[in-house]
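What follows are several structures.
Two complexes come next, and they have one chain in common, subunit A, joined by subunit B in the first and subunit C in the second.
Let's look at the complex of A and B:
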């Protein structure tokens, strides 16, 4: 289900419904999410039967951990795609937040919860800077966040002298190794909790609805009394906070905060960041999101990637494959867009 | 008479709606054929099926006696079928001339675009439509009515043998429509077959000779001569009963002190020395020709263009409003936009989300939580009163018929519970039955003390609804007419103010 509309008891106009609506089952079967779930099932079955190591508890644990992190990265991007914009600086923000987290724990001796909160606030703050710049300048977020990506990353490298924090309290790495319910990583459980929160946000709060409206048609939203500028800044700040959370999760996985955790300038995150939401049915032009779709999109990508790696396909080919998949996802998005335009809905 | 275009037993369903059920119609050369029906009756769907925008589930389209099925709208154009769809389809960033000539910009995609030739050709059609604008103007800067005329010019410039006009006059004033009718009569004499959709029956009786009426997607009549039918016959076919004349209690003159007062107001948009007052419970009409600056005045008061002089008083206090959000949430002012596609609705979202957008903030609980059921409880009654035809409140609003979309675009502000409501062209594309309900709602709202500023180009609507009427011309108020509901006298008085411009 996409979250632009949600279901509840309604009173159909008498006489209007002369043809039965397609059943709920049919709607589910035709949805993007169902398609992804089916693809995931197929991939899992193929890998499980042909690759002996795929279903080992350890493999399942690393798989769930990776799904947790990649979904979080995808959610971060999704939160800004809602506006019809994007944020190239998610990786940089994630790295900045993780480094700040390490600094707080190691150098300042902050208690763990305090360090977490500060890191998330830093992420939200950096996102808000992006948002404010986009709203004030009226320039597309592509350019703004391309610039801020370099700035955030550059400043972080300067301040940390490109040195990581390896002496984090043991609790951090222990959290990264923790399992809940069988082999499932606690990182995935964290992500599921955030998914639930976002579902509530977009479906059951005024703020979430305002975000979707401002993203779908900013002019109409403004003339309906929505403070579009402020709403867009919120979206960017949310993206920053989620990117920071992804950075912290990655830190828990490796047990250390290192500047290169998201690659140079944080670029390693970009592919998973776009793949998950776009595969999941979030409209690149804004106004429609799918939280569950993003979760499934990231799951699909992670399953395929780890299967291919287990088959000893080289990393290079896996990357190329992911690139192709993004291209396919964008083409599907374009087709969706054309369909909506043809129906006069954009 | 030879029929050029014939539709036989066409059916079309959408999820939850049977839009067309065994519909037939035939268009003859040299005839103006009226296609009538309530909102959601299936008129636009029929036109979309003819032009290949949508494929029929059953039935066939015969063009010159041969069965035809266009898969792309462009093919219909190439075959000599021109169309003005109900929804605007202009490219906002292109100029007026480029839009008119869009399908013929150079023979190949790579050939050079001859801008002077395009402008010359465009100007011809603009002149014919009495539209005095520079063909190089980007369409995004035009008013809704001007865009509509450009759209019509684009269809006319194809010189097609069949012309399908889906509510071409919905957002035009009688003056602009008159120019279009002159062209239609000429095309008719030249042997063009014209299909004309409108909810304004005066127009239908003025220019049409044949009529087809649809009700709930079925033919009530199929291509019968209009001669011999009167307004009541047609209304009865459309709504299944006779038209009820509005019998409203006479309105008492509100005596409270003004809620909104403009004193010597001028703006960036071009307004000069505008004086205006609206009292609680009063309905003040603002009439003027297209381009008179009425919508611009409303938007300027809401802070969308800058005030350059004079005063805005709310309840006697000078205020400076900077955004629609503060107008709504701090001052209790709402504005129903005339441009439902661009400014009124979020077509991608549901009926409920569109209807509730103005009250989300008010309804949300302490933690910002908001349930659909809460919103539905608030907007449901207004949606029901206006008989919005939709399979459910969750339906994507872009899938509703044009008139039903319009109802939601007004309903969301009626439900907003504001103290001052500025209503800009509320009944564009709304059928006659619902229009009466809408007028009832506006009167009810005023009865409960809401101050209303009504902008409409529909003279009968103005006379039916407003208490007094201000006439605006070229961004100034020209005068005021007390509305005694005597149509001839009031409209005469209004037109005198407008035509006064030469003398001035």
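Let's look at the complex of A and C:
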């Protein structure tokens, strides 16, 4: 990278066409995903050698469980960042779905699979409400979802009177404790399956490609025959469903559905929701996603967080550190883009 | 060039919210006479004063076409630094106030510098700084409040100048007037609105966009700091949770007051009535012993309603303008 920097100083604003396209290997090496994977590897090696408890089966299990949940929260936000918009209500939707799940199991006596499906449908429905309001009103999703986060959370807390559901069937908590393949939590496996599904969606299906092109340039997408409004609503509904799934995973981890699981108004999810996709190279302006990047972003954050906690850094300072990390991530990304653009590589 | 009454009323940001405030006050005081008792008015005005300063902090940033998620976190950080400086370091209260305001300005400026220099969206930068401010706040306090608020500060937050007018109104009126004057008569105010209205045009006309964004964020930080310390005075305690619930209301009041979220168009008077409406509704829910959890639903609904009204007004205005031409 240092030689690249000095080269660029001698090249006065090259036209992108004159510079030969970089080789595939170089593109991989310069990608966000590779950078993140390298950082994760470095962090894991450092922590594993210096912190004795880091590689214990229990630590690996909680690590994998946390990666699973944080990635899911990140994926939920990623699905709407595609449109160039955002969804502040992911935490509220997650909490709503989890509480509805608890209500269905405890009060209505629904079988587990039915309750899961209903909760996911509720999440998708709430997301769709966001999407429809954004599309119909033409108002930016920030203000619409700011309002809806307050409404969703308010309705949920009013209906439940801020009381949780603690008497869930034992299967729920057992799922949260379940391990597959050594110490790997089944929650991470669930997330990996969803990642695979999303990869297929964005790479190989018409709907996924429509989402990407509608996000990259709505007018061009409209002209090429895509129903942009409907596509945006689908994106918001997908966000809602993924947020609901994250809420259910969190419920499985704690073994109870509690209204405060995502903090006041669900605000506690905002940082993990943006941190993972942004670290992973999802563009906030829309049109580009990285599912693997989001997974790696969440992994990196979780590894660093648990490493710091094992080093007995207070969790409050870890919180401040995560904010710094988000700041560093966007600044580095900006610098990388400037550098690559100057070199004519993108 | 005679403008029709309809256009003039529609063009006025504060007329609608002002009318609604008056009607709400009338209806509630008929249903519940205790609403207009001197004590209740004092409580209401104290809440309005603090929320007004919070809303002004967001209004500046809305004017420049951005958003500040870190407003509450900064207010909380300043609040605990203010009490912490007095209790732990023994700083006299007036000096601690200056220190608090300085922290607000500097932290706001830091936001502004990063946003303006990198061009990264204000949303993501202030989300990061929210986390940093909140983390520092909790790291210092370990989530425990500071209790060493001096009596003078406590009195300022809980006594009246005369009748039902609380001292807290003073900084709110001062802040509102200064911001109104700034938008109306000062160059920096016009720059902020020009930049929020049309970035390209502002750049082409030679406005220092970087400096303007930094100034706007510094002002926002100043208001956040003032509001945080006002809340300390009112609560009589340095709560680390101060500012946690500012996010929704800080946007709701300016939007109800007719501010355009794409920037360039704000109204201090409209924001005032936005704050009044929110305060009245919140209080009415308590007076009629309605579930306090409903407040969240109502606040969210108010934002949607105001956004809808603003869109409708834009549409009507453009139609009337065409007819009038």
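We take it that the second predicted complex is superposed on the first by the 308 of 346 C-alpha atoms of A that agree within 3 Å, B and C clash if a C-alpha of one lies under 4 Å from a C-alpha of the other, contacts with A are read in each partner's own complex, and residues count from 1 in each chain.
Quick note on the criterion: a contact is a pair of C-beta atoms (placed from the backbone, for glycine too) under 8 Å apart; a residue touches a chain by one contact, two chains touch by 3 or more.
Since we're looking at a predicted model, the values are computed, not measured.
In the superposed model, A:217 makes contact with subunit B only, not with subunit C. Of the two partner chains placed around the shared chain by superposition, subunit B is the only one that A:340 touches, whereas subunit C remains out of contact. Residue contacts after overlaying the shared chain place A:288 against subunit B, while subunit C stays out of touching range. Contacts of A:316 after superposition: subunit C is touched, whereas subunit B is not reached. Of the two partner chains, subunit B is the only one that A:227 touches; subunit C does not reach it. Once the two complexes are overlaid on the shared chain, A:205 sits against subunit B while remaining clear of subunit C. Contacts of A:117 after superposition: neither subunit B nor subunit C is touched. Partner subunit C is touched in their complex by these residues of subunit A: 86, 133, 137-140, 142-144, 146-155, 157-158, 161-162, 264-265, 267, 270-271, 274, 278, 284, 314, 316-324, 326-327, 330-331, 334.
Across the complex, subunit B is touched by residues 4-13, 15-22, 200, 204-207, 209-210, 212-213, 216-217, 219-227, 283, 287-288, 340, 342-346 of subunit A. The residues of subunit C lying in touch with subunit A in their complex are 67, 114, 118-121, 123-125, 127-136, 138-139, 142-143, 244-245, 247-248, 251, 255, 261-262, 291, 293-301, 303-304, 307-308, 311. On subunit B, the positions that touch subunit A within their shared complex are 13-18, 40, 53, 87, 216, 323-325, 327-329, 334-335, 337, 341-350, 352-353, 357-358, 360-361, 363-364, 367-373, 376, 380, 384, 387-394, 396, 398-399, 412.
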